[in-house]
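The data blocks that follow each hold one structure.
The two complexes that follow have subunit A in common; it is paired with subunit B in the first and with subunit C in the second.
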Partner chain A sequence: MVGERAVGLVRELQSAAGGRLPPFRAEELGQTLEEMRTLYERNQADVSEAKSGRTDLIFLIRFRHCCLLRNQRCIVAYLYDRLLRIRALRWEYGSILPNTIQFHMAAEEVEWFNRYKKSLATYMRSVGGEEGLDLTQDIKPPKSLYIEVRCLRDYGEFEIDDGTTVLLKKNSQHFLPRWKCEQLIRQGVLEHILS
Partner chain B sequence: MAEAYFPVGPGLGPEENFLSLDDILMSQEKLPGRAESNLPRLAFALGQGSGAGSGDSIPEGSKLEIPMWLAKGLHDSKRRLISVELPKIYKEAWRTVFSADANVVDLHKMGPYYYGFGSQLLNFDNPENPEIAQCILQTFINRFRRIMDSSQNAYNEDTSSLVARLDELERALFQAGQKGLNDFQCWEKGQASQITVSSLVQNYGKRKFTEMDG
Partner chain C sequence: MFVTDCRREFYDVIVSQRVLLLVASDVDALCACKILQALFQCDHVQYTLVPVSGWQELETAFLEHKDQFKYFVFINCGANVDLLEILQPEEDTYFFVCDSHRPINVVNVYNETQVKLLVKQDDDLDVPAYDDIFRDEEDEEEDSENESDGSEPSDKRRRFEEEVIERTMRRRQRREWEARRREILFDYEQYEYHGTSSAMVMFDLAWIMSKDLNDMLWWAIVGLTDQWVQDKITHMKYVTDIGILQRHVSRHNHRNEDEENSLSIDCMRIAFEYDLRLALYQHWSLYESLCNTSYTSATLKLWSVQGQKRLQEFLADMGLPLKQVKQKFNSMDVSLKENLREMIEESANKFGMKDLRVQTFSIHFGFKNKFLASDIVYATASLMENIEKEGPETTNFIKALDSLSRGNLDKLHQGLDLAKKQLRAIQQTVASCICTNLVISQGPFLYCSLMEGTPDVKLFSKPVSLCLLSKYLLKSFVCSTKNKRCKLLPLIMAAPMDVEQGTVIMVGIPPETESSDKKNFFGRAFEKAADSTNSRTLHNHFDMSMVLFGSLCWKLRIRCSEVVSDVPDFIVLQLCQLALFEMFQYRPGLWVLCLRG
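Take a look at the complex of A and B:
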């Protein structure tokens, strides 16, 4: 059935719940584009025939045109939704993506992510006075400057603002400034403990 | 919840949202129709022929099952190529079932996009359109109360039996209700200020990130 591959891409993306980014299906995308090319070429040929009198082809031309539009819609929606998920990664995870996620992204998507990061950084620097304002911090209203955290996995040495280093070993607990830990907590390295 | 991911939602009413994944899947659903004239080579393209190629043509008057996107694209009130019929769930018989008691119907089985698909059906000139529209609206009104109640009262339990008979729109509403409930409970327990791990990270599985460094 024409258009099945394109819809398959959309279906896979839709079933990836919670904003997860599945691997980039370059091969299926290429096959869909190939299908579109074939449809277009056949239509080109038939249009000139139809103009010289074969009106029974008009239906077929119209059918192929519908298929082209359908494939186009599926591909555009697929790419756009992936970008929305990648954008969410910047806000939820941070500016450096782990390799596991980068594996799932096409080269152009990585490029887009870098440009988005830059745009966001420029914007954040322009608001809030001289040092700028980190909008990706304090997503939940803070209750205190320092928080209790437990380490969930071995991370290594971690330096705090006053110069002291802390060794983050699995299951060790620390009392650290909130703004330093927030990103590590979101990435799953630390766990925020409420007293 | 993945707070920062905002997908394009389905359209409301007669217009679909071009970029909405939901609407694309909804318009993939099939509806019955009839060929109004000889349709050359369509059999192969629709996957219904035995693959012989350009010889197959569908004779006039034969029954077809075409996806919604194709029906909308080929529909033309001037040039009669294809005529569409209503799927049975939108016909008179089922409409009376809905008006009797909308809550017992398994809308997931009846095509998981009852409301969206029904709204798109209104694009074809069908004399029953006002009744169809009225039926869809009333069904929603009748079922909504139960969805709202169940989503607001099912905390930390398995909800699969509650959502089994809901269509996709209703499931989205149910999830919105659940999210509100969970957020409220979280606030009540004093956990609203607790920084949590991003769900996007959790969903990538238990692979150790330290292994990928370097």
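Take a look at the complex of A and C:
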């Protein structure tokens, strides 16, 4: 059925909820583009025939044109949504993405990500005076300097600003400066406890 | 060393440092930990909290963290052993110990630099004097001073003889001193008991710093009630401590009495109650609570048919219809609930239960949430010893710690359900033990052992549950037996801990008397028995009267100890026989037994 694969791509993205990035389906994309090319070529052939008299082909041409537009729309939505997700990853994970996620990105997406990083860094440096302002921290207004966190899995040693290390073992609780913990909370190693 | 000014010598020292908290697994420790955590959060003290359930875990945690921390706070662990010897810390490490276990090890008391004890000095401690136990080693130097100067031989011989006489005199003195030292130490360390609750000590610290809150006061109350529920302190001490806390309660909660200025119903308030001693009765039905509280069940002898009849008489005497009494307490008729406490007390007096009411506190927040201190104790204790394993043991500790915060009511309700299951299981086990005569008199003590197939036996592989079971069993046994001598005997209880490894957990509790001082000698007795039988035991718990038994020994050498009328030694002999009995049950096979007279 025409247009199946394109819709399949979109559906896959929709089912990957929560901002996850599924692997880049280069193969299906290629197949969809191939399908579009076939449709276009057939249309080309039929248009020349229709011009020379066979008006009953007009509906078929129109149908194929709609399919082409549909495929285009799906592919563009797929690519754009992936870019939006990759952009959100920068805010969540920081400038270095974990390997598993990088594995799921196409080469062009990686390049786009690097350029986005650079652009964001330039902007952050230009705001906030001499040092720049790290906008990716404190996304919600903080309530206190230190927070109580609980370790959800064994992580190992973790260094704080003044050089001291903390051993993060499962189910141990710590009272640490908030800005150091935010990264780990986002990664799911620590859990913020509200008492 | 005892800390005289808690604030200056403890809190001001650690307020600018990073601290490691090592917290034992009991409700009193949890409450003390919550109070201390609240104080630390107020002052931004960076800390790490590690739960420990035994000596091995304590040592592991210390080894893992000793490079990162210099200040360690031990809550309800560490006072009764020589910390410096076991942990071998560096010179600049400091230990602060807030523990209710007594007697405090003498090395911990007399160490001036590294070990600081957060204990009130007016607790009946009876620490032996320094000179009786420690002695500087000056004698060696005096002996080496005797150089002879090449003078006349007769002079030399005279001096030599004098020296010999002096030396023997000193040696004799030394031996006498050592014998006296051993005796003093033995007397001091013979009995195990408990002092003031750690939660109360922490609350005191908060109060001195004027940082105490109603929440912290409630945790202190729960800590004290835990000591009472587990029978760790005498009734006198409990009443005295309740008096102390009552003053704080009225200071924090006096606004409720004034009708006009009272606080909103959602604010937390604590009230003093002279309430019934029935476990969880407000969250259960009155009938279930009467059946599953040890006090009522033992006095009415509810394991027998006669007992059930007496229960019906008791309820009829109060005029409470059975249908009402078996309903959930909150759905009982309001007219019946109004004078319930006084009615029950009157009838209870007729049936021989004179202490059915006890002084305690209750907490009230929102319209639905009213809890007695003992309810919270049961709920938290059963959460901590939950056998439905969802991960490592520390998960249970964390859950129990969370349930103490008022925002986690769902965990508290889960704890209450578990507590109901636990109490029911305890009563059923007690009833079956008494009806099938599983409690045997072994001479100087009573002995009961739970077999592997007993229902709910997995619940009793945990220390606190096993202790509760033993205490209830002893109470019921004392009420059920006619033998006057048996009523005064202590009880040793054994339960399988881990079926695959073949370990058994054993606990010893002192005899049940009216005015017992709750002193437990089983710690020393178990140690001695373990030494003399060379059996593999493990004193892992912070309470010395609990021991793990590995039933994998091949040879037993029992040395007949000299006949002494001293009770503990006689018990040692019996324990050795008991050890043999246990081994045979769990690992029947060829036993080589050498008896040496």
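To be clear about the criterion, the second predicted complex is superposed on the first by the 194 of 195 C-alpha atoms of A that agree within 3 Å, B and C clash if a C-alpha of one lies under 4 Å from a C-alpha of the other, contacts with A are read in each partner's own complex, and residues count from 1 in each chain.
Here is the rule we use: a residue touches a chain if its C-beta (ideal position, glycine included) is under 8 Å from a C-beta of that chain, and two chains touch if they have at least 3 such contacts.
On a predicted model such as this, the values are computed, not experimentally measured, just so you know.
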Exercise. Please indicate which partner A:182 is in contact with in the superposed arrangement: first for subunit B, second for subunit C, both, or neither.
Key: first
Exercise. Using the superposition on chain A described above, determine whether A:146 touches subunit B (first), subunit C (second), both, or neither.
Key: second
Quiz item: After superposition on the shared chain, which partner residues are touched by A:73: those of subunit B (first), subunit C (second), both, or neither?
Solution: first
Quiz item: Which partner reaches more residues of subunit A, subunit B or subunit C?
Solution: B
Quiz item: What is the contact status of A:11 with respect to subunit B (first) and subunit C (second): first, second, both, or neither?
Solution: first
Quiz item: What is the contact status of A:174 with respect to subunit B (first) and subunit C (second): first, second, both, or neither?
Solution: second
Quiz item: In the superposed arrangement, does A:105 touch subunit B (first), subunit C (second), both or neither?
Solution: neither
Exercise. Classify the contacts of A:60 with the two partner chains as first (subunit B alone), second (subunit C alone), both, or neither.
Key: first
Quiz prompt | Partner chain in contact with A:36 - subunit B first, subunit C second, else both or neither | solution = neither
Practice problem: Name the contact category of A:194: first (subunit B only), second (subunit C only), both, or neither. | Solution: both
Practice problem: Under the contact definition given at the top, report the residues of subunit A touching subunit B in one complex and subunit C in the other. | Solution: 194
Quiz item: For the complex, which residues does subunit C have touching subunit A?
Solution: 18, 37-38, 40-41, 44-51, 64-65, 67-68, 391-392, 394-395, 397-398, 402, 405, 407
Exercise. Enumerate the contact residues on subunit B facing subunit A in the complex.
Key: 1-8, 18-22, 24-25, 28, 37-42, 45-47, 69-70, 73-74, 81, 190-204, 207-210, 212-213
Exercise. Please give the residue numbers of subunit A that touch subunit B in the complex, ascending.
Key: 1-3, 7, 10-11, 13-14, 17-21, 56-57, 59-60, 62-63, 65-67, 69-70, 73-74, 76-77, 80-81, 84-85, 87-93, 98-101, 139-143, 147, 153-154, 181-182, 185-188, 191-192, 194
Quiz prompt | Interfacial residue positions of subunit A with respect to subunit C in the complex | solution = 145-146, 148, 150, 164-167, 169-177, 193-195
